[in-house]
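Pasting the structures in now, so scroll down.
Both of the next two complexes hold subunit A, though its partner changes from subunit B to subunit C.
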Partner chain A sequence: MIDAKKILEIISAIAKKIEAEKNFLTQLDNEIGDGDHGINLARGFKSVEEKLPSLADKDIGAIFKGVSMQLVSTVGGASGPLYGTAFMKAGNVCKGKMELTAEEFVAAIEAAVNGVKMRGKAVEGEKTMLDALCPAYKAIKAGIDCGKNLIDALNDGVDAAAAGVEYTKTIIATKGRASYLGERSIGHQDPGATSSLFMLQTALEVLRRE
Partner chain B sequence: MVGIVIASHSQKLSEGVIEVARMMAENAPLAAAGGMENGDLGTSYDKILNAIDKVYSDDGVVILADMGSAVMTAEMVLEDIEYENIKILNCPLVEGAILAAMESVEGRDLEDLAERVETAHPSKKLMDD
Partner chain C sequence: MKKLINSVETVEEQMILGLVKSAPKKLRKLECGNVVVRAEKKENKVALVSGGGSGHEPSHGGFIGKGMLDCAVAGAVFTSPTPDKIFEGIQAVATEAGVLCIVKNYTGDVMNFEMAIDNAVDNELKIDYVVVNDDVAVKDSLYTTGRRGVAGTVLVHKIAGAKAEEGASLAEVKAVAEKVIANVRTMGMAISPCTVPAAGKPGFELPEDEMEIGIGIHGEPGTHRAKIASADEVAKTLLDKILADIDYKNQEVVVLVNGMGATPLMELYIINNFVQDYLAAAGVKVYDTMVGNYMTSIEMAGFSLTLLRLDDELKKLYDAPADTPALKR
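Here is the complex of A and B:
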């Protein structure tokens, strides 16, 4: 079970992680994009963090929606509508819930990942955040389906996302600004996949604190 | 007249596109939604929403966007306001804006304008050898 308080802790921890990794994410984006991923996402999560106190007694659906609205209106780059959609779709499936079972958590991740696919008109293998998110979702779902607890399943998801980030180094970008570089994008890890990995890692760290 | 919103990462670019479109259609209802609130490069949800507000009428609105977040943010605005008569057009930004402006002052309706702009392919600039 994950309750709303835990979700707030995870989001707050993600905001701190993104702030801490801001320069690294921006450096990755400088290599193959427009060099603003870390700055944009940190600005977005800073406004999310400021919003969190007003979400303190809300259900998980409302918390995710609140996060979505802050990201969409403050990020300014592609990660705003992409992560904004992810949190909005997760919010839809968690509507009215004060806690999530493992199965409900999996459903929220599934909705989030499908939201990113829909918004980005993208699939796996295009050197985007989906190269971390899709393998992570599959690993988490497989873990829960075969009876693992949430922390172990999420650990599998983080490993899969990390492998996905490594995989992005080997492929050509075909979506987003990095696609303008064509073959020159090979050898660089995708900043969006990297920020997705950071979010999953942070969620795992918070759940392990218990 | 169908309103036209130019959503871009840059305020200067969106205003420049409008400047060029006005050469052909001085009175077209065009609104710029470029850059962030503080002038930085990027896309602003609020700026797109406000620009729609500025040029909205029962005739509807078309949105032309440069790329990436401008397109996706415009999509999110449309999902939130749920108007049937606002469309994002799939076209080159500058040429599309000029054509849309001309069609709008001609009094073309939304569907017709959208189809003309999306199928005109006005981007071929050199003759074949």
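Here is the complex of A and C:
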């Protein structure tokens, strides 16, 4: 079970993590993109953090929706619409809920990942955030389906996302600005997959705090 | 980082305010953000909305005015503006005749504009959009993001803007914008990088004796690096790639020799000197030439070459009057 208070804690922790990793994400983006991923995400999550007090007594759907609106209106670039859509879709399936069961948490992640696919017109294997998110979703779902608790399942998801980030080093980008590099994009890890991994890692850390 | 700015946080807004103050009778900034519109809204014509990241000045705000754009939405440096700001711009200039958005082909720009356009449709506005993808340096493919929108976008603004000013319908303005996109090709290069203010250091490094061929307008790497060559040799490399992409032989063209921000006009003219002779020898007829900074990349040194293949309609619209801060005709 995850309640709304825990969700707020996770989001606040993600905002701090993104701020802390801002320069690293930007450096990754410098190598194969236009060098602003960390800067843009940090700007967005800073505004999310400022918004959080106003979401304090809201249901989880409303919290995710509030996060989405802040990201969409402050991040810009591709990551704003992508993460914004992810939180929006997760919010839709959590509407009115003050807590999520493990199954509902999986459904929220599924909706988020499908939202990113839809908005980005992308699939796995194109060197994008989906290379972290898709394997993570599959691992979390497999874990819950075979009876693991949420923390163990999320731990599997984080491992799968980390492997996905490693995998992005080996493939050519076909979506986003890194696609202009063609073969020269090989050898570099994708900044979007990396920020997705950071978010999942942070969620796990917060859930483990109890 | 050495820049004439006040703080990295205020770069975009102060730039936009300064632009508007340079032409206060013609331009107006919306309260909601870095959105610039014509000082006087023109009714009874299709409104043209463009935009993108900042750092490409005079694109796009400098092309607002009679015969060109009605609105330009500026994002953070090299970052697409957000859907809410684009929507504010659309709403401010929308007319009964409709709105055409001109979007450069980048993943972020396309997504943010699409979200804004969805919102406009929900609000029962008549709206459509075109995506400019003139950069021949990038391989075109259905399965990738595809070619980038670069300096050719300015010619889309000019010609679609002239068509809209004539009172053409949304479908007609869109059709002529698509015609420009189908006939315009660009390729660029750089000899030194640029620094995004918020990043504080250059987006890439180039050794003293090297250049990047096929570069984008955000410092994204191009097709390859090479030892620096003469102006003529570099211009030939870019032109050959453009001429191989569509057939320009015996056609009339507009040539745009575009500076990336830190290239002196002296060098752009040296390049143009070669370009004109080379095109003449290749049997391409130059109808008109533009030399200057139209689609820049902050302080990157380098240039791009653009060729637009003309027909009678495009020629007439290219010659039509325009009165904007950065382009008058």
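Note that the second predicted complex is superposed on the first by the 210 of 210 C-alpha atoms of A that agree within 3 Å, B and C clash if a C-alpha of one lies under 4 Å from a C-alpha of the other, contacts with A are read in each partner's own complex, and residues count from 1 in each chain.
One rule holds for everything that comes next: a residue touches a chain if its C-beta (ideal position, glycine included) is under 8 Å from a C-beta of that chain, and two chains touch if they have at least 3 such contacts.
Predicted, not measured: the structure shown is a model, and the values here were computed from it.
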item	value
When subunit B and subunit C are modelled together on subunit A, clash or fit	clash
First, second, both or neither for A:Lys51, with subunit B first and subunit C second	neither
Contacts of A:Leu181 with subunit B and subunit C, given as first, second, both or neither	second
Touching partner for A:Pro81 - first (subunit B), second (subunit C), both, neither	both
Touching partner for A:Thr26 - first (subunit B), second (subunit C), both, neither	second
Contacts of A:Gly35 with subunit B and subunit C, given as first, second, both or neither	second
Subunit C versus subunit B, contacts on subunit A by residue	C
Which superposed partner A:Lys5 touches (first subunit B, second subunit C, both, neither)	neither
62-70, 134-142, 206-214 or 260-268: stretch of subunit C that collides with subunit B	62-70
Set of subunit A residues, in rising order, touched by both subunit B and subunit C	34, 36, 40, 72-73, 75-82, 119-120, 176-177
Interface residues, subunit A side, partner subunit B - complex	34, 36, 40, 72-73, 75-82, 84-85, 119-120, 176-177
Touching residues on subunit A, where the partner in the complex is subunit C	26, 30, 33-36, 39-40, 43, 72-82, 119-120, 174-177, 179-182, 184
Residue numbers on subunit B that touch subunit A, as the complex places them	36, 40-46, 67-69, 72-73, 75-76
List of subunit C residues in touch with subunit A within their complex	53, 75-85, 106-108, 111-112, 115, 137-139, 141, 143-145, 148, 196, 198-199, 203-204, 216, 218-222
